[in-house]
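You will see two complexes here that share subunit A, one where it goes with subunit B and one where it goes with subunit C.
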Partner chain A sequence: MVSITKTDKQPVGAHYGWREWLAQRVTAVIMALFAIIIFGFFVIKSEISYQDWKALFGSQLFRVLALLFLISVYYHAWIGVRDVLMDYIKPTAIRVTLQVMVILSLVSFTIWSIAILWAQ
Partner chain B sequence: MKFNILRYDPDQDQKPYFKEYDIALEPSDRMLLDALIRIKSVDDTLALRRSCREGVCGSDAMNINGKNGLACVTKISDLKEPVVLKPLPGLPIIRDLIVDMTQFFKQYHSIKPFVINHDTPPETERLQSPTDRLELDGLYECILCACCSTACPSFWWNPDKFVGPAGLLAAYRFIADTRDQATNERLDNLEDPYRLFRCHTIMNCVDVCPKGLNPSLAIGKIKEMMVKRGV
Partner chain C sequence: MSARSQNRPKVRLKVRPKYYDLNLFNLPLPALVSIFHRITGMVMFLFMIPLALYLLQATLKSESGFNFWSNVLNFPLVKLILLGFVWAFLHHFFAGLRYLLLDLHIGVTKAEARTSSMWVFALGAVATILFGARIW
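Then we have the complex of A and B:
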(Lines of atoms letter the chains of each structure in order from A and count residues from 1; the text may use other names and numbers.)
(Lines give C-alpha, C1' and ligand atoms only; values in the text may rest on other atoms or scores of the structure.)
Protein backbone atom coordinates (compact mmCIF):
# COMPACT_ATOMS: atom_id res chain seq x y z
CA MET A 1 0.00 0.00 0.00
CA VAL A 2 1.26 3.43 -0.86
CA SER A 3 1.08 5.71 2.14
CA ILE A 4 0.90 9.39 1.42
CA THR A 5 2.27 11.43 4.27
CA LYS A 6 1.60 15.11 4.81
CA THR A 7 4.26 17.29 3.21
CA ASP A 8 5.20 20.52 4.91
CA LYS A 9 6.27 23.22 2.50
CA GLN A 10 9.18 25.18 3.90
CA PRO A 11 9.27 28.58 2.25
CA VAL A 12 12.68 30.20 2.38
CA GLY A 13 14.14 33.59 1.61
CA ALA A 14 12.72 36.13 4.05
CA HIS A 15 15.15 38.60 2.44
CA TYR A 16 16.42 40.13 5.62
CA GLY A 17 19.08 39.35 8.12
CA TRP A 18 22.30 41.08 7.20
CA ARG A 19 21.19 44.49 8.52
CA GLU A 20 20.48 43.02 11.95
CA TRP A 21 23.74 41.08 11.83
CA LEU A 22 25.67 44.25 10.96
CA ALA A 23 23.76 46.35 13.51
CA GLN A 24 24.68 43.91 16.26
CA ARG A 25 28.36 44.45 15.43
CA VAL A 26 28.08 48.24 15.11
CA THR A 27 26.24 48.55 18.43
CA ALA A 28 28.90 46.35 20.06
CA VAL A 29 31.59 48.80 18.90
CA ILE A 30 29.58 51.78 20.24
CA MET A 31 29.18 50.05 23.62
CA ALA A 32 32.91 49.27 23.73
CA LEU A 33 33.84 52.90 22.96
CA PHE A 34 31.50 54.23 25.66
CA ALA A 35 32.88 51.70 28.13
CA ILE A 36 36.38 53.02 27.41
CA ILE A 37 35.20 56.63 27.99
CA ILE A 38 33.58 55.71 31.33
CA PHE A 39 36.62 53.67 32.33
CA GLY A 40 38.82 56.68 31.49
CA PHE A 41 36.67 58.87 33.74
CA PHE A 42 37.10 56.41 36.62
CA VAL A 43 40.88 56.32 36.07
CA ILE A 44 41.26 60.12 35.94
CA LYS A 45 39.07 60.68 39.00
CA SER A 46 40.22 58.08 41.44
CA GLU A 47 37.67 59.26 44.04
CA ILE A 48 34.31 60.10 42.52
CA SER A 49 32.03 62.35 44.50
CA TYR A 50 28.36 63.06 43.86
CA GLN A 51 29.42 66.47 42.47
CA ASP A 52 31.78 64.89 39.91
CA TRP A 53 29.06 62.51 38.79
CA LYS A 54 26.51 65.36 38.55
CA ALA A 55 28.93 67.51 36.58
CA LEU A 56 29.63 64.67 34.16
CA PHE A 57 25.95 64.08 33.44
CA GLY A 58 25.30 67.86 33.46
CA SER A 59 27.07 68.08 30.12
CA GLN A 60 24.68 67.89 27.17
CA LEU A 61 27.29 66.05 25.08
CA PHE A 62 27.72 63.34 27.70
CA ARG A 63 23.97 62.89 28.00
CA VAL A 64 23.76 62.34 24.22
CA LEU A 65 26.67 59.88 24.35
CA ALA A 66 25.04 58.05 27.25
CA LEU A 67 21.77 57.87 25.33
CA LEU A 68 23.57 56.55 22.23
CA PHE A 69 25.17 53.92 24.44
CA LEU A 70 21.84 52.92 25.98
CA ILE A 71 20.08 52.76 22.61
CA SER A 72 22.95 50.53 21.42
CA VAL A 73 22.45 48.29 24.46
CA TYR A 74 18.73 48.00 23.76
CA TYR A 75 19.11 47.39 20.03
CA HIS A 76 21.90 44.87 20.64
CA ALA A 77 19.70 43.18 23.24
CA TRP A 78 16.77 43.09 20.82
CA ILE A 79 18.77 41.24 18.14
CA GLY A 80 20.29 38.89 20.71
CA VAL A 81 17.01 38.04 22.44
CA ARG A 82 15.25 37.77 19.08
CA ASP A 83 17.91 35.24 18.02
CA VAL A 84 17.45 33.22 21.20
CA LEU A 85 13.68 33.18 20.68
CA MET A 86 14.11 32.19 17.01
CA ASP A 87 16.47 29.40 18.07
CA TYR A 88 14.33 27.83 20.76
CA ILE A 89 10.68 28.90 20.53
CA LYS A 90 9.04 26.92 17.73
CA PRO A 91 5.32 27.89 17.87
CA THR A 92 5.00 31.10 15.86
CA ALA A 93 2.25 32.59 18.04
CA ILE A 94 4.27 32.25 21.25
CA ARG A 95 7.42 33.52 19.53
CA VAL A 96 5.67 36.61 18.16
CA THR A 97 4.05 37.33 21.55
CA LEU A 98 7.41 37.11 23.32
CA GLN A 99 9.07 39.23 20.65
CA VAL A 100 6.41 41.92 20.99
CA MET A 101 6.89 41.89 24.78
CA VAL A 102 10.64 42.33 24.34
CA ILE A 103 10.16 45.19 21.88
CA LEU A 104 7.68 46.97 24.16
CA SER A 105 10.03 46.58 27.12
CA LEU A 106 13.01 47.92 25.20
CA VAL A 107 11.06 50.88 23.80
CA SER A 108 9.86 51.66 27.35
CA PHE A 109 13.45 51.45 28.59
CA THR A 110 14.50 53.92 25.89
CA ILE A 111 11.84 56.44 26.92
CA TRP A 112 12.68 55.89 30.58
CA SER A 113 16.41 56.39 29.83
CA ILE A 114 15.66 59.76 28.20
CA ALA A 115 13.55 60.77 31.21
CA ILE A 116 16.37 59.83 33.60
CA LEU A 117 19.17 61.49 31.60
CA TRP A 118 17.29 64.76 31.16
CA ALA A 119 15.61 64.82 34.57
CA GLN A 120 15.83 68.16 36.36
CA MET B 1 40.32 -2.43 24.77
CA LYS B 2 37.06 -1.25 26.31
CA PHE B 3 34.25 0.27 24.26
CA ASN B 4 30.83 1.65 25.19
CA ILE B 5 28.68 1.71 22.11
CA LEU B 6 25.17 3.12 21.85
CA ARG B 7 22.89 0.42 20.48
CA TYR B 8 19.39 0.92 19.17
CA ASP B 9 17.22 -1.23 16.98
CA PRO B 10 13.84 0.51 16.66
CA ASP B 11 12.18 -2.83 15.80
CA GLN B 12 13.25 -4.42 19.09
CA ASP B 13 14.39 -1.79 21.59
CA GLN B 14 12.19 0.59 23.55
CA LYS B 15 15.03 3.11 23.70
CA PRO B 16 18.77 3.33 22.96
CA TYR B 17 21.15 1.76 25.48
CA PHE B 18 24.91 1.43 25.88
CA LYS B 19 26.54 -1.93 25.31
CA GLU B 20 30.00 -2.63 26.70
CA TYR B 21 32.65 -4.43 24.68
CA ASP B 22 36.07 -5.60 25.80
CA ILE B 23 37.97 -6.58 22.70
CA ALA B 24 41.51 -7.87 22.21
CA LEU B 25 42.98 -5.88 19.34
CA GLU B 26 45.60 -7.08 16.89
CA PRO B 27 48.77 -5.07 16.20
CA SER B 28 47.42 -4.31 12.74
CA ASP B 29 44.39 -2.52 14.24
CA ARG B 30 45.44 1.11 14.09
CA MET B 31 42.31 3.10 13.42
CA LEU B 32 39.01 3.11 15.27
CA LEU B 33 37.33 1.56 12.23
CA ASP B 34 39.69 -1.44 12.48
CA ALA B 35 38.54 -1.88 16.08
CA LEU B 36 34.88 -1.61 15.06
CA ILE B 37 35.34 -4.26 12.38
CA ARG B 38 37.03 -6.40 15.06
CA ILE B 39 33.97 -5.86 17.30
CA LYS B 40 31.70 -6.77 14.40
CA SER B 41 33.54 -10.09 14.04
CA VAL B 42 32.44 -10.88 17.60
CA ASP B 43 28.99 -9.25 17.52
CA ASP B 44 27.71 -9.00 13.98
CA THR B 45 24.48 -7.29 15.09
CA LEU B 46 26.34 -3.98 15.45
CA ALA B 47 25.34 -1.74 12.55
CA LEU B 48 27.56 0.97 11.11
CA ARG B 49 28.30 2.56 7.76
CA ARG B 50 31.76 2.43 6.25
CA SER B 51 33.23 2.20 2.81
CA CYS B 52 36.58 3.60 1.72
CA ARG B 53 38.26 3.30 5.16
CA GLU B 54 40.58 6.23 4.38
CA GLY B 55 38.63 9.42 5.12
CA VAL B 56 37.40 10.06 1.60
CA CYS B 57 33.85 8.70 1.45
CA GLY B 58 32.62 10.18 4.73
CA SER B 59 30.45 7.17 5.61
CA ASP B 60 31.74 6.31 9.08
CA ALA B 61 31.14 9.65 10.81
CA MET B 62 30.15 9.13 14.43
CA ASN B 63 30.42 10.70 17.85
CA ILE B 64 33.69 9.47 19.34
CA ASN B 65 34.26 10.22 23.03
CA GLY B 66 31.92 13.17 22.72
CA LYS B 67 33.37 14.61 19.53
CA ASN B 68 32.23 13.98 15.98
CA GLY B 69 34.79 12.39 13.68
CA LEU B 70 35.50 9.68 11.14
CA ALA B 71 36.26 6.28 12.67
CA CYS B 72 38.63 5.43 9.79
CA VAL B 73 41.01 8.35 10.41
CA THR B 74 40.82 8.33 14.22
CA LYS B 75 43.87 6.62 15.72
CA ILE B 76 43.12 4.06 18.42
CA SER B 77 46.23 5.18 20.32
CA ASP B 78 44.75 8.69 20.73
CA LEU B 79 41.55 7.43 22.38
CA LYS B 80 40.80 7.37 26.09
CA GLU B 81 39.19 4.19 27.46
CA PRO B 82 36.41 3.27 27.56
CA VAL B 83 35.82 4.61 24.08
CA VAL B 84 32.27 5.94 24.02
CA LEU B 85 30.70 5.71 20.57
CA LYS B 86 27.39 7.28 19.67
CA PRO B 87 25.69 8.03 16.35
CA LEU B 88 25.96 11.59 15.05
CA PRO B 89 23.86 13.79 17.35
CA GLY B 90 20.67 15.50 16.27
CA LEU B 91 19.68 13.15 13.44
CA PRO B 92 17.16 10.29 13.76
CA ILE B 93 18.79 6.91 14.46
CA ILE B 94 18.05 4.21 11.90
CA ARG B 95 20.00 1.60 13.81
CA ASP B 96 22.98 1.68 16.19
CA LEU B 97 25.56 4.04 14.66
CA ILE B 98 23.58 4.65 11.47
CA VAL B 99 21.60 7.89 11.27
CA ASP B 100 19.03 9.15 8.81
CA MET B 101 20.81 11.87 6.80
CA THR B 102 17.70 12.98 4.84
CA GLN B 103 17.49 16.36 6.56
CA PHE B 104 21.21 16.97 6.05
CA PHE B 105 21.08 16.26 2.31
CA LYS B 106 17.86 18.22 1.91
CA GLN B 107 19.69 21.29 3.15
CA TYR B 108 22.68 20.50 0.94
CA HIS B 109 20.47 20.20 -2.15
CA SER B 110 18.68 23.44 -1.27
CA ILE B 111 21.80 25.48 -2.09
CA LYS B 112 21.96 24.01 -5.64
CA PRO B 113 25.36 22.36 -5.35
CA PHE B 114 26.36 22.65 -9.00
CA VAL B 115 27.83 25.32 -11.26
CA ILE B 116 25.11 27.40 -12.90
CA ASN B 117 26.31 28.86 -16.17
CA HIS B 118 23.98 29.92 -18.96
CA ASP B 119 26.67 30.41 -21.65
CA THR B 120 26.98 27.92 -24.46
CA PRO B 121 29.27 25.16 -23.22
CA PRO B 122 32.74 25.41 -24.80
CA GLU B 123 34.32 22.57 -26.76
CA THR B 124 36.55 21.73 -23.80
CA GLU B 125 36.29 22.56 -20.09
CA ARG B 126 35.36 25.98 -18.74
CA LEU B 127 38.85 27.14 -17.83
CA GLN B 128 39.86 29.10 -14.74
CA SER B 129 43.02 31.06 -14.01
CA PRO B 130 45.16 29.47 -11.27
CA THR B 131 44.34 32.43 -8.98
CA ASP B 132 40.61 31.95 -9.48
CA ARG B 133 40.99 28.24 -8.90
CA LEU B 134 42.84 28.97 -5.64
CA GLU B 135 39.61 30.50 -4.26
CA LEU B 136 38.08 27.03 -4.15
CA ASP B 137 40.76 25.54 -1.90
CA GLY B 138 39.35 24.78 1.53
CA LEU B 139 35.85 24.58 0.04
CA TYR B 140 35.77 21.79 -2.56
CA GLU B 141 37.37 19.19 -0.27
CA CYS B 142 34.20 18.66 1.77
CA ILE B 143 33.14 14.98 1.76
CA LEU B 144 29.66 15.59 3.26
CA CYS B 145 30.25 13.33 6.26
CA ALA B 146 27.94 15.60 8.33
CA CYS B 147 30.35 15.80 11.30
CA CYS B 148 30.09 19.61 11.24
CA SER B 149 26.35 20.10 10.82
CA THR B 150 25.53 17.53 13.50
CA ALA B 151 27.96 19.25 15.91
CA CYS B 152 26.23 22.59 15.36
CA PRO B 153 23.69 23.64 18.05
CA SER B 154 21.91 25.89 15.54
CA PHE B 155 21.45 22.86 13.26
CA TRP B 156 20.18 20.80 16.23
CA TRP B 157 17.47 23.37 17.01
CA ASN B 158 16.47 24.24 13.43
CA PRO B 159 17.55 21.45 11.04
CA ASP B 160 14.54 22.17 8.83
CA LYS B 161 15.32 25.87 8.41
CA PHE B 162 19.07 26.38 8.95
CA VAL B 163 21.24 25.22 6.04
CA GLY B 164 24.02 24.20 8.43
CA PRO B 165 27.80 24.49 8.10
CA ALA B 166 28.21 21.78 5.43
CA GLY B 167 25.53 23.26 3.20
CA LEU B 168 26.82 26.79 3.66
CA LEU B 169 30.42 25.77 2.93
CA ALA B 170 29.14 24.19 -0.29
CA ALA B 171 27.09 27.31 -1.04
CA TYR B 172 30.19 29.47 -0.76
CA ARG B 173 32.12 26.98 -2.91
CA PHE B 174 29.78 27.89 -5.81
CA ILE B 175 29.52 31.59 -4.91
CA ALA B 176 33.33 31.76 -5.04
CA ASP B 177 33.51 29.86 -8.35
CA THR B 178 34.27 32.26 -11.22
CA ARG B 179 32.48 29.92 -13.65
CA ASP B 180 29.22 30.21 -11.73
CA GLN B 181 26.83 32.96 -12.87
CA ALA B 182 24.19 32.68 -10.16
CA THR B 183 25.90 34.58 -7.34
CA ASN B 184 22.97 36.97 -6.84
CA GLU B 185 20.37 34.21 -6.83
CA ARG B 186 22.52 32.25 -4.38
CA LEU B 187 22.82 35.26 -2.05
CA ASP B 188 19.05 35.89 -2.38
CA ASN B 189 18.38 32.28 -1.47
CA LEU B 190 20.53 32.54 1.66
CA GLU B 191 19.43 36.03 2.74
CA ASP B 192 17.23 34.76 5.50
CA PRO B 193 17.39 34.95 9.30
CA TYR B 194 17.12 31.16 9.50
CA ARG B 195 18.93 29.79 6.46
CA LEU B 196 22.16 31.71 7.00
CA PHE B 197 21.89 33.88 10.09
CA ARG B 198 21.19 31.04 12.56
CA CYS B 199 24.99 30.69 12.46
CA HIS B 200 26.20 32.32 15.68
CA THR B 201 29.87 31.54 14.96
CA ILE B 202 29.97 28.84 17.63
CA MET B 203 32.66 27.16 15.50
CA ASN B 204 31.99 23.57 16.56
CA CYS B 205 32.08 22.87 12.81
CA VAL B 206 35.69 24.01 12.55
CA ASP B 207 36.59 22.05 15.67
CA VAL B 208 35.29 18.71 14.35
CA CYS B 209 35.87 18.81 10.57
CA PRO B 210 37.97 15.71 9.78
CA LYS B 211 39.22 17.38 6.61
CA GLY B 212 40.41 20.48 8.49
CA LEU B 213 38.00 22.80 6.66
CA ASN B 214 36.60 26.04 8.04
CA PRO B 215 32.85 26.49 7.41
CA SER B 216 32.77 29.48 9.81
CA LEU B 217 35.17 31.36 7.54
CA ALA B 218 33.06 30.56 4.46
CA ILE B 219 29.87 31.66 6.27
CA GLY B 220 31.62 34.88 7.30
CA LYS B 221 32.50 35.52 3.64
CA ILE B 222 28.88 35.01 2.57
CA LYS B 223 27.73 37.49 5.24
CA GLU B 224 30.42 39.92 4.12
CA MET B 225 29.24 39.67 0.48
CA MET B 226 25.66 40.32 1.58
CA VAL B 227 26.72 43.43 3.51
CA LYS B 228 28.80 44.68 0.55
CA ARG B 229 25.86 44.08 -1.77
CA GLY B 230 23.33 45.79 0.46
CA VAL B 231 25.04 48.55 2.40
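Then we have the complex of A and C:
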Protein backbone atom coordinates (compact mmCIF):
# COMPACT_ATOMS: atom_id res chain seq x y z
CA MET A 1 0.00 0.00 0.00
CA VAL A 2 1.09 3.54 -0.71
CA SER A 3 0.97 5.75 2.35
CA ILE A 4 0.55 9.48 1.81
CA THR A 5 2.17 11.54 4.53
CA LYS A 6 1.86 15.03 3.10
CA THR A 7 -0.76 16.38 0.77
CA ASP A 8 -1.60 19.70 -0.83
CA LYS A 9 -5.22 18.68 -1.35
CA GLN A 10 -7.66 21.49 -0.63
CA PRO A 11 -10.03 20.63 2.22
CA VAL A 12 -13.51 21.04 0.73
CA GLY A 13 -15.84 19.51 3.30
CA ALA A 14 -16.29 15.98 4.51
CA HIS A 15 -17.24 13.33 1.97
CA TYR A 16 -17.33 15.78 -0.91
CA GLY A 17 -18.73 14.07 -4.00
CA TRP A 18 -19.35 10.80 -2.19
CA ARG A 19 -23.11 10.98 -2.62
CA GLU A 20 -22.88 11.47 -6.40
CA TRP A 21 -20.39 8.62 -6.64
CA LEU A 22 -22.75 6.27 -4.80
CA ALA A 23 -25.86 7.49 -6.65
CA GLN A 24 -24.17 6.85 -9.99
CA ARG A 25 -23.51 3.25 -8.98
CA VAL A 26 -26.94 2.58 -7.45
CA THR A 27 -28.68 3.94 -10.56
CA ALA A 28 -26.31 1.86 -12.72
CA VAL A 29 -27.40 -1.36 -10.99
CA ILE A 30 -31.12 -0.45 -11.30
CA MET A 31 -30.67 0.28 -15.03
CA ALA A 32 -28.67 -2.91 -15.63
CA LEU A 33 -31.40 -5.07 -14.03
CA PHE A 34 -34.18 -3.34 -16.00
CA ALA A 35 -32.19 -3.59 -19.24
CA ILE A 36 -31.77 -7.33 -18.75
CA ILE A 37 -35.55 -7.76 -18.13
CA ILE A 38 -36.40 -5.74 -21.28
CA PHE A 39 -33.82 -7.67 -23.27
CA GLY A 40 -35.40 -10.93 -22.08
CA PHE A 41 -38.84 -9.70 -23.15
CA PHE A 42 -37.62 -9.01 -26.69
CA VAL A 43 -35.76 -12.31 -26.91
CA ILE A 44 -38.82 -14.35 -25.82
CA LYS A 45 -41.28 -12.41 -28.01
CA SER A 46 -39.95 -12.58 -31.54
CA GLU A 47 -42.71 -10.49 -33.09
CA ILE A 48 -44.25 -7.62 -31.13
CA SER A 49 -47.66 -6.32 -32.17
CA TYR A 50 -49.18 -2.98 -31.23
CA GLN A 51 -51.49 -4.86 -28.82
CA ASP A 52 -48.51 -6.50 -27.02
CA TRP A 53 -46.79 -3.13 -26.80
CA LYS A 54 -49.92 -1.42 -25.39
CA ALA A 55 -50.55 -4.27 -22.95
CA LEU A 56 -46.99 -4.08 -21.62
CA PHE A 57 -47.28 -0.35 -20.89
CA GLY A 58 -50.86 -0.78 -19.72
CA SER A 59 -49.67 -2.58 -16.60
CA GLN A 60 -49.39 -0.20 -13.65
CA LEU A 61 -46.47 -2.21 -12.21
CA PHE A 62 -44.54 -1.94 -15.47
CA ARG A 63 -45.19 1.80 -15.66
CA VAL A 64 -43.79 2.30 -12.18
CA LEU A 65 -40.73 0.14 -12.99
CA ALA A 66 -40.23 1.98 -16.29
CA LEU A 67 -40.39 5.35 -14.51
CA LEU A 68 -37.93 4.12 -11.88
CA PHE A 69 -35.62 3.07 -14.71
CA LEU A 70 -35.99 6.40 -16.55
CA ILE A 71 -35.39 8.47 -13.42
CA SER A 72 -32.26 6.36 -12.83
CA VAL A 73 -31.18 7.15 -16.39
CA TYR A 74 -31.67 10.91 -15.85
CA TYR A 75 -29.93 11.04 -12.48
CA HIS A 76 -27.06 8.89 -13.81
CA ALA A 77 -26.81 11.12 -16.91
CA TRP A 78 -26.70 14.25 -14.74
CA ILE A 79 -23.73 12.98 -12.72
CA GLY A 80 -21.88 11.74 -15.81
CA VAL A 81 -22.45 14.86 -17.93
CA ARG A 82 -21.55 17.05 -14.94
CA ASP A 83 -18.25 15.15 -14.58
CA VAL A 84 -17.50 15.65 -18.28
CA LEU A 85 -18.33 19.38 -18.11
CA MET A 86 -16.20 19.83 -14.96
CA ASP A 87 -13.25 18.15 -16.70
CA TYR A 88 -13.32 19.92 -20.05
CA ILE A 89 -15.14 23.27 -19.70
CA LYS A 90 -12.91 25.50 -17.60
CA PRO A 91 -14.57 28.98 -17.80
CA THR A 92 -17.04 28.99 -14.91
CA ALA A 93 -19.75 31.04 -16.65
CA ILE A 94 -19.91 28.71 -19.66
CA ARG A 95 -19.76 25.58 -17.51
CA VAL A 96 -22.53 26.68 -15.15
CA THR A 97 -24.70 27.77 -18.09
CA LEU A 98 -24.28 24.34 -19.71
CA GLN A 99 -24.96 22.59 -16.39
CA VAL A 100 -28.20 24.55 -15.96
CA MET A 101 -29.22 23.58 -19.51
CA VAL A 102 -28.49 19.92 -18.76
CA ILE A 103 -30.56 20.05 -15.55
CA LEU A 104 -33.46 21.76 -17.34
CA SER A 105 -33.45 19.19 -20.14
CA LEU A 106 -33.32 16.26 -17.70
CA VAL A 107 -36.19 17.69 -15.63
CA SER A 108 -38.14 18.13 -18.90
CA PHE A 109 -37.38 14.52 -19.84
CA THR A 110 -38.73 13.40 -16.45
CA ILE A 111 -42.01 15.29 -16.93
CA TRP A 112 -42.26 14.06 -20.53
CA SER A 113 -41.68 10.46 -19.35
CA ILE A 114 -44.54 10.66 -16.85
CA ALA A 115 -46.78 12.15 -19.54
CA ILE A 116 -45.96 9.32 -21.95
CA LEU A 117 -46.34 6.50 -19.41
CA TRP A 118 -49.66 7.71 -17.99
CA ALA A 119 -51.15 9.06 -21.22
CA GLN A 120 -52.85 5.75 -21.99
CA MET B 1 -1.98 31.53 0.16
CA SER B 2 -2.42 28.95 2.86
CA ALA B 3 0.06 28.54 5.69
CA ARG B 4 1.01 25.18 4.31
CA SER B 5 2.06 26.43 0.89
CA GLN B 6 4.15 29.22 2.47
CA ASN B 7 6.10 26.68 4.49
CA ARG B 8 6.93 24.68 1.42
CA PRO B 9 10.67 24.67 0.60
CA LYS B 10 11.35 27.07 -2.24
CA VAL B 11 13.26 24.79 -4.54
CA ARG B 12 12.70 25.16 -8.24
CA LEU B 13 12.44 21.78 -9.81
CA LYS B 14 14.29 21.21 -13.05
CA VAL B 15 11.91 21.66 -16.00
CA ARG B 16 10.79 18.18 -16.86
CA PRO B 17 9.98 17.15 -20.42
CA LYS B 18 6.31 16.77 -21.26
CA TYR B 19 5.14 14.21 -23.72
CA TYR B 20 1.48 14.07 -24.56
CA ASP B 21 0.51 11.24 -26.86
CA LEU B 22 -3.12 12.01 -27.59
CA ASN B 23 -3.49 9.57 -30.47
CA LEU B 24 -6.37 7.32 -29.41
CA PHE B 25 -4.79 4.29 -31.05
CA ASN B 26 -1.67 4.54 -28.91
CA LEU B 27 -3.57 4.58 -25.63
CA PRO B 28 -3.45 1.53 -23.39
CA LEU B 29 -6.66 -0.51 -23.64
CA PRO B 30 -8.12 0.51 -20.24
CA ALA B 31 -7.76 4.18 -21.24
CA LEU B 32 -9.55 3.47 -24.51
CA VAL B 33 -12.41 1.78 -22.61
CA SER B 34 -12.59 4.84 -20.37
CA ILE B 35 -12.69 7.47 -23.12
CA PHE B 36 -15.28 5.48 -25.07
CA HIS B 37 -17.31 5.18 -21.87
CA ARG B 38 -17.43 8.99 -21.79
CA ILE B 39 -18.12 9.42 -25.51
CA THR B 40 -20.90 6.80 -25.54
CA GLY B 41 -22.41 8.37 -22.41
CA MET B 42 -22.53 11.79 -24.07
CA VAL B 43 -24.00 10.30 -27.27
CA MET B 44 -26.75 8.65 -25.23
CA PHE B 45 -27.54 11.88 -23.39
CA LEU B 46 -27.53 14.09 -26.49
CA PHE B 47 -29.24 11.81 -29.03
CA MET B 48 -30.53 8.51 -27.70
CA ILE B 49 -32.59 9.68 -24.70
CA PRO B 50 -34.67 12.27 -26.61
CA LEU B 51 -35.02 9.94 -29.61
CA ALA B 52 -36.08 6.99 -27.45
CA LEU B 53 -38.68 9.12 -25.64
CA TYR B 54 -40.05 10.41 -28.92
CA LEU B 55 -40.30 6.87 -30.34
CA LEU B 56 -41.93 5.56 -27.17
CA GLN B 57 -44.54 8.29 -27.35
CA ALA B 58 -45.18 7.88 -31.09
CA THR B 59 -45.47 4.08 -30.95
CA LEU B 60 -47.80 4.06 -27.93
CA LYS B 61 -50.08 6.83 -29.16
CA SER B 62 -51.74 5.00 -32.06
CA GLU B 63 -51.52 1.82 -34.10
CA SER B 64 -50.73 3.86 -37.22
CA GLY B 65 -47.78 5.48 -35.41
CA PHE B 66 -46.60 2.06 -34.29
CA ASN B 67 -46.81 0.69 -37.85
CA PHE B 68 -45.16 3.78 -39.32
CA TRP B 69 -42.11 3.54 -37.05
CA SER B 70 -41.94 -0.26 -37.43
CA ASN B 71 -41.65 0.30 -41.18
CA VAL B 72 -39.04 3.04 -40.75
CA LEU B 73 -36.96 0.69 -38.58
CA ASN B 74 -36.98 -1.82 -41.46
CA PHE B 75 -34.85 0.38 -43.72
CA PRO B 76 -31.28 -1.03 -43.83
CA LEU B 77 -29.72 2.42 -43.27
CA VAL B 78 -31.94 3.02 -40.24
CA LYS B 79 -30.98 -0.42 -38.91
CA LEU B 80 -27.32 0.51 -39.31
CA ILE B 81 -27.80 3.75 -37.34
CA LEU B 82 -29.73 1.79 -34.72
CA LEU B 83 -26.84 -0.67 -34.48
CA GLY B 84 -24.46 2.24 -33.86
CA PHE B 85 -26.64 3.41 -30.98
CA VAL B 86 -26.97 -0.16 -29.68
CA TRP B 87 -23.18 -0.50 -29.69
CA ALA B 88 -22.88 2.77 -27.76
CA PHE B 89 -25.27 1.41 -25.13
CA LEU B 90 -23.61 -2.02 -24.96
CA HIS B 91 -20.09 -0.61 -24.68
CA HIS B 92 -21.25 1.72 -21.91
CA PHE B 93 -23.03 -1.21 -20.23
CA PHE B 94 -20.04 -3.59 -20.20
CA ALA B 95 -17.53 -0.84 -19.37
CA GLY B 96 -19.83 0.17 -16.50
CA LEU B 97 -19.99 -3.40 -15.19
CA ARG B 98 -16.18 -3.43 -15.28
CA TYR B 99 -16.08 -0.24 -13.19
CA LEU B 100 -18.49 -1.75 -10.67
CA LEU B 101 -16.14 -4.73 -10.34
CA LEU B 102 -13.13 -2.42 -9.99
CA ASP B 103 -15.00 -0.60 -7.20
CA LEU B 104 -15.23 -3.96 -5.43
CA HIS B 105 -11.43 -4.31 -5.87
CA ILE B 106 -11.88 -7.07 -8.43
CA GLY B 107 -9.34 -7.02 -11.27
CA VAL B 108 -7.30 -4.01 -10.15
CA THR B 109 -3.85 -5.25 -11.17
CA LYS B 110 -2.45 -3.95 -14.45
CA ALA B 111 -2.57 -7.30 -16.25
CA GLU B 112 -6.14 -8.04 -15.11
CA ALA B 113 -7.28 -4.50 -15.99
CA ARG B 114 -5.94 -4.95 -19.53
CA THR B 115 -7.61 -8.35 -19.91
CA SER B 116 -10.96 -7.04 -18.66
CA SER B 117 -10.71 -4.08 -21.08
CA MET B 118 -10.28 -6.54 -23.90
CA TRP B 119 -13.41 -8.34 -22.68
CA VAL B 120 -15.38 -5.09 -22.64
CA PHE B 121 -14.56 -4.38 -26.29
CA ALA B 122 -15.12 -8.00 -27.30
CA LEU B 123 -18.48 -8.35 -25.51
CA GLY B 124 -19.69 -4.99 -26.85
CA ALA B 125 -18.82 -6.00 -30.41
CA VAL B 126 -20.20 -9.55 -30.17
CA ALA B 127 -23.46 -8.43 -28.52
CA THR B 128 -23.91 -5.75 -31.22
CA ILE B 129 -23.36 -8.33 -33.96
CA LEU B 130 -25.86 -10.71 -32.31
CA PHE B 131 -28.39 -7.88 -32.08
CA GLY B 132 -27.76 -7.07 -35.74
CA ALA B 133 -28.29 -10.69 -36.74
CA ARG B 134 -31.58 -10.68 -34.81
CA ILE B 135 -33.04 -7.57 -36.45
CA TRP B 136 -31.82 -8.28 -39.99
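Assorted remarks:
Please note the rule applied: the second predicted complex is superposed on the first by the 105 of 120 C-alpha atoms of A that agree within 3 Å, B and C clash if a C-alpha of one lies under 4 Å from a C-alpha of the other, contacts with A are read in each partner's own complex, and residues count from 1 in each chain.
Here, a contact is a pair of C-beta atoms (placed from the backbone, for glycine too) under 8 Å apart; a residue touches a chain by one contact, two chains touch by 3 or more.
Remember, it's a predicted structure, so these values are computed and weren't measured experimentally.
In the superposition on chain A, contact of A:111 is made with neither subunit B nor subunit C. Judged by the touch definition given at the top, the superposed model places A:86 against subunit B, while subunit C stays out of reach.
Put subunit B and subunit C next to each other and count what each touches on subunit A; the higher total goes to C.
When the two structures are aligned on the shared chain, A:20 is found in touch with subunit B, with no touch to subunit C. Of all residues in subunit A, only 10, 12-22, 83, 86-88 touch subunit B in the complex they form. Interface residues of subunit A, counted against subunit C in their complex, comprise 8, 25, 28-29, 32, 35, 50, 53-54, 57, 73-74, 77, 80-81, 84, 102, 109, 112-113, 116, 119-120. Across the interface of their complex, subunit A is touched by residues 4-5, 38, 41-42, 44-45, 49-50, 53, 56-57, 59-61, 63, 66-67, 93, 96-97, 100, 103 of subunit C. Subunit B contributes residues 110, 154, 157-158, 160-161, 188-189, 191-198, 200, 223, 226-227, 230-231 to its touches with subunit A in the complex.
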